[in-house]
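Naming follows writing order (A, B, C, D and E), and every chain is counted from residue 1.
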């Protein structure tokens, strides 16, 4: 239908298409923000993010650090009286930001790098090698000195074992799976 | 003369002599040895013509209509089922009907018999011996297994001994196990919807609207049948049009749901061999499954419509 | 109650997940040891891959489904009818895949086919905690215990992913879960009544935003200490890592020294089953953890098994 | 913009005109389903134009002959709508309907009339959107099945 | 031969925008029996009606079809046209070409074709219309009121005032209802008991009012004007005639720790008790489930101390059967139970209480004698958090609706809190303030300005015990930050919900419930106190959340309805009733076993043609409600429903199929 196509171009429509969540149900009670463990770090708290989506204020929504700070703990989704899955909306917004090339705000960049390197690792090896992730993360963020002491302690406990490198047998399987998933969702909508 | 015939005569005579009933409805020998006809004995003498054997297929409940005085019916299982059904539906008072039960292992399908034997005019006598039917002809005896020459509905009868009866002449026979598995419907079940529609188109196109089925049926007792009404005209009148025939036969099957005793009289009476029992048995299965209801199988039975009531409803739709 | 014989026949597909091969190796060790002692046969999912937590769903839900579904498909091939994942994050992700596939089988099925994944759905995803509490039964477990935790005051910390997202069927109440508490009671510990049992520790922010994590776990630690807890018991490597490794940092930020060991429940069950501490990896916990346990059982032997 | 939309929708509907159009006859109870249909109308919820409604006081009024008659006369599908069980304005007319329609379903099956051509639905006065969905589903099903046949078409 | 007139309404453009009304009229004129057809812009207008009346006379019409909106809107309007033109009123049929055509089909071609088919079907029916006549029934001029709260009391007083007898059935031992539990009322802060008690006493003393307390309606049969009702009066174990209400029994009763229903479990009561000191009647009941005499055959103190010898352990339930002309349902509401609300402590935190519990706490005669104390330790509460919308506006855990009264009573609570403890602080979490009554907005402002209530816009996410406090995590969506309050007491403005047994009562009475479980009104705007069943009316919160003035207004409205009904000489029944053609009746009793109203009797019919007397079905038109279940069950076509005859319905199918290419 014609109006569907128009709707899809709005932020509200994009979020609906990606997450299946009807953000228009939000009546701004703020229960999501009230229970959010990381709201204190967010430039725009969750309930206001819902308002941004309702008003299609894409720039303001995506340029805030909110989606990168979200810990995905799902507390907001679990408690929303109107069944607005706030965490799913955050996932959708993050994806829109990546796809549309909206750079993460400066202090949220670390999280963006983290996710990129995490998925990159899985795509390459099928499994996560925490030591590789840490290494690449530090390389790309320049935060070489963070948590060095902790790293040494974990090494000492043999919890970090650089000699133990894990991967699936056929790493090409992973590429195929990534390919299907990333193209599939677009076809589906 | 068979044992059963003697007992039936003796009991009928007793009933009339004692004045317990004013009329005994039973069978007498028909125009040929393989046929019977209904017989109404109102005096002890008239009981001498009564018979009971493999030829007594007619459902006698059709002759019971609001009797003012007590009548006795020599009732097979299906006759008894019909009697209970019509009593339930106000067509007779239970106190006015004495159900004299007789066991039944199947009644002769004349058409099938004749076709099989190929010497109809030469039949001298027909009798049962064990599981066989013996036909005496001018050219000797022919023996056939009973199941091969009885009416199809008899092979899956669930009431070979009347379930409800005031007395029983003869020894009870157990019900056919097949009754509950509906082997007769297997073919129809296996068809696709289109095949079923085509099947009925072929069958019902034959209907000449003679209403022999209705006349033979004890459950058809409306003063005016829906098919004969003009306002509204539910079905086109007269034969020859498939649609009117369809409406008539489907309407009749609906009206007989939960009321048919599976006696097979309708199909037996049909001059153009429409397998009417398929529809009736289909509906019996449906009412049995959905409402645990089998017409005339118990004295306390309620009408099917009473089982639709809220208080009785087992499964709530939606 | 189920008979113990039946439990010996339990055969379950086992999905360790990446963390349990790395920084949470003691969770893997203790879980395997515990199951062996209880007669639960774990069949490791052959050639399993990362479940995608905590990044895949962050950027693409289909990818999250696909990563999980490949593992479920492989798990199904072991012939088991359920797969158990100790890591709460893995557990939630696998459950999410199964749930989404059930919701939208057609579109996702096509996607999986293109991705070379063969999984038709129908596998039960469980956490070993669920396995213990629901399938094995605490009564049956009690019979096998050889030592008690003797009133160890423990803060049962469920975190987020064991009980959320709430739209998926859960084995415990999302706001007031009880399973860990009941398990600890069975072991003879005294779970403290505290508030932060389902609050978030910051999970996936550990590497990227350690500053946030320090604040969150500081609150959690304070609340547990206030309620009188001597230690934590957890069901998730992320929770364990955050609470255990960053305890000192969070403490120094607040001018406090907490010193609360953070055990996996599998370690405590294993301990009470009498398994040697090395098999349970208790020495691998950063906050010293052995002394507290030893102090609790010193001089008191196998009262539980003789009791009830 | 609203007008534009209307024009588009109208064109889509028109396209259907050229095709064969099923006839769906509905017997709706006055208190629930008929009122539900009114609510769908008052809320301007468009639905398939195949439906023709005969208002009856209660689904219990529906005589099976009324359904067979419709099929006999070439109607492609029949819908019977009543109040939800327990909500009947006449206390239990819908139970009577439910019982009877159980038989109707069985007999239609025996006769070879496809299952999708007959539906019994409980639709309350507040369920305009359910009415809309039922009509659309059923009309779509009838298009899929094509014209009803009783073996002769 | 019938002569049918067809009148196609354009409804302004509502119909005309997609239906070509002129074409429908033009085509309709060619239909069988149609003698005249016309179209007009508004058929329901007086000009439109006049046009119909003129046409009936001019064209000598015998019946009319108006193709317009739904008959539920204007059937009666057009019946007026036939009646005024000298035809039988019921020779009027509507085709619904608006709600079921123009509103939902935008394509002009499809809509016009459908409108024509609907008109043709209606014309086929109208051609077979027969004059109908209402039958008369006597009215039993006594009213039954179910529920003795303020709604029931008000309705009873008003009806009694008009001179009719009223019976009030109340489930609990005293009338008074919810209002008797309240301390003060908003926005005037009147003492609730001070304004209610006089009304309770007035009801008690009015000779036209019979109060049956500790009683329940068990069975309802019959119909408007003649409801046959069975009432169970539970055994009180105290003789109402003898008891003087002196109180010796409940003072001496040793069972003193039973949680009081009246005090919402916050305080105790005895086993023999009156729920509250001003109870009417002031006659105690014995709660047999908690009485030692009944449990263990011990004690018997109450009987020993009773100076009037009124205690009777052998008393049994009494069944009272009576006939009433009308019924008012005023059963009130329940309060949503927050024990399955995990994030608010799942009912496990003693210092998290409901609004109605707080109300009892504020009351001087309540469990804390008017002090605001923490249930956990009895200490005075200084920091009190109020949470609005607990269970309301919550699709996930509670109800989707707004409970209407919570904003106001929460403000009242905040004010009363300050009055009781001037150093206490109220924090009120709200989402929106709905203060839409006279003086309501001002009341909210007073709470803020004069009583210092701190309003915080946002919902509370979670609360839990923290030491001896309740820690509340909320948000200030206006200030923009998370809010954490360590409260002494949390008061949840728990949602108003239907009585837990409302569904059962609705089935007993034959009136429906809405999706939330409140009783259904006949029309949300135009018949808010009527139900779908004639002669049964609803008042107060049984229909939806209401405050006291609305409840009292509704109660008086029901009284007006009842008095209006009773002022009629006779009751005219529904003309569309079942009818049996005895000539066609086979006497099979299918209708008899089907009828939900037992309106069919089997009677003897002297069949001259058959020269016999036979049993046939006969409809009692006073009992018949016109559902037609009998005619749906009848095989022989004998039983039919007037205005919905087999003939008329079959003709509609025919008319449709004539126009549809098969």
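The rule is simple: a contact is a pair of C-beta atoms (placed from the backbone, for glycine too) under 8 Å apart; a residue touches a chain by one contact, two chains touch by 3 or more.
Just so it is clear, the model here is predicted, and its values are computed rather than measured.
Participant: Stepping chain to touching chain, what's the minimum from chain C to chain E?
Facilitator: 1
Participant: Compared with chain D, which chain's mean CA position is the farthest off?
Facilitator: Result for the farthest chain: C.
Participant: Return the distance between the CA-based centres of chain A and chain E, expressed in whole Å.
Facilitator: 50
Participant: So, what's the distance in Å between the C-alpha centres of chain E and chain D?
Facilitator: One centre to the other, that is 30 Å.
Participant: Counting in whole Å, what is the centre-to-centre distance of chain C and chain D, each centre being its mean C-alpha position?
Facilitator: One centre to the other, that is 53 Å.
Participant: At which residue positions does chain C touch at least two other chains?
Facilitator: Counting only residues that touch two or more other chains, chain C contributes 174-175.
Participant: Counting only residues that touch at least 2 other chains, which ones in chain A make the list?
Facilitator: Residues 40, 75 of chain A each touch two or more of the other chains.
Participant: At least two partner chains per residue is the criterion; list those residues in chain D.
Facilitator: Chain D, residues with two or more chain partners: 65, 69, 73, 91-92, 96, 100.
Participant: Which bits of chain B are touching chain E when the two form their complex?
Facilitator: Against chain E, the touching part of chain B is residues 66, 88-91, 221-226, 229, 231-234, 255, 302-303, 305-306, 308-310.
Participant: Could you list, by residue number, the parts of chain D that touch chain B in their complex?
Facilitator: The touching residues are 64-65, 68-69, 72-73, 84-85, 91-92, 95-96, 98-100, 102-104, 106-107, 109-115, 120-122, 149-152.
Participant: Which of the residues in chain A end up touching chain C in this complex?
Facilitator: Residues of chain A touching chain C: 18-19, 37-38, 40-41, 69, 71-75, 77-78, 85, 87-88, 91, 94-95, 98, 110-111, 113-115, 118-119, 121-122, 126-131, 133-134, 137, 146-147, 150, 153-154, 157-161, 164, 166, 168-170, 173-174, 176-185, 188.
Participant: Across the complex, what residues on chain E touch chain D?
Facilitator: 70-72, 96, 98-101, 103-111, 114, 117-118, 121, 503, 507, 510, 512-515, 532-533, 576, 594, 596-597, 625-629, 631-634, 641, 644, 646, 649-650, 652-654, 656-657, 660, 662
Participant: Taking the touch rule as given, give the residues of chain C at its contact with chain E in the complex, in rising order.
Facilitator: 173-176, 193, 195, 223, 226
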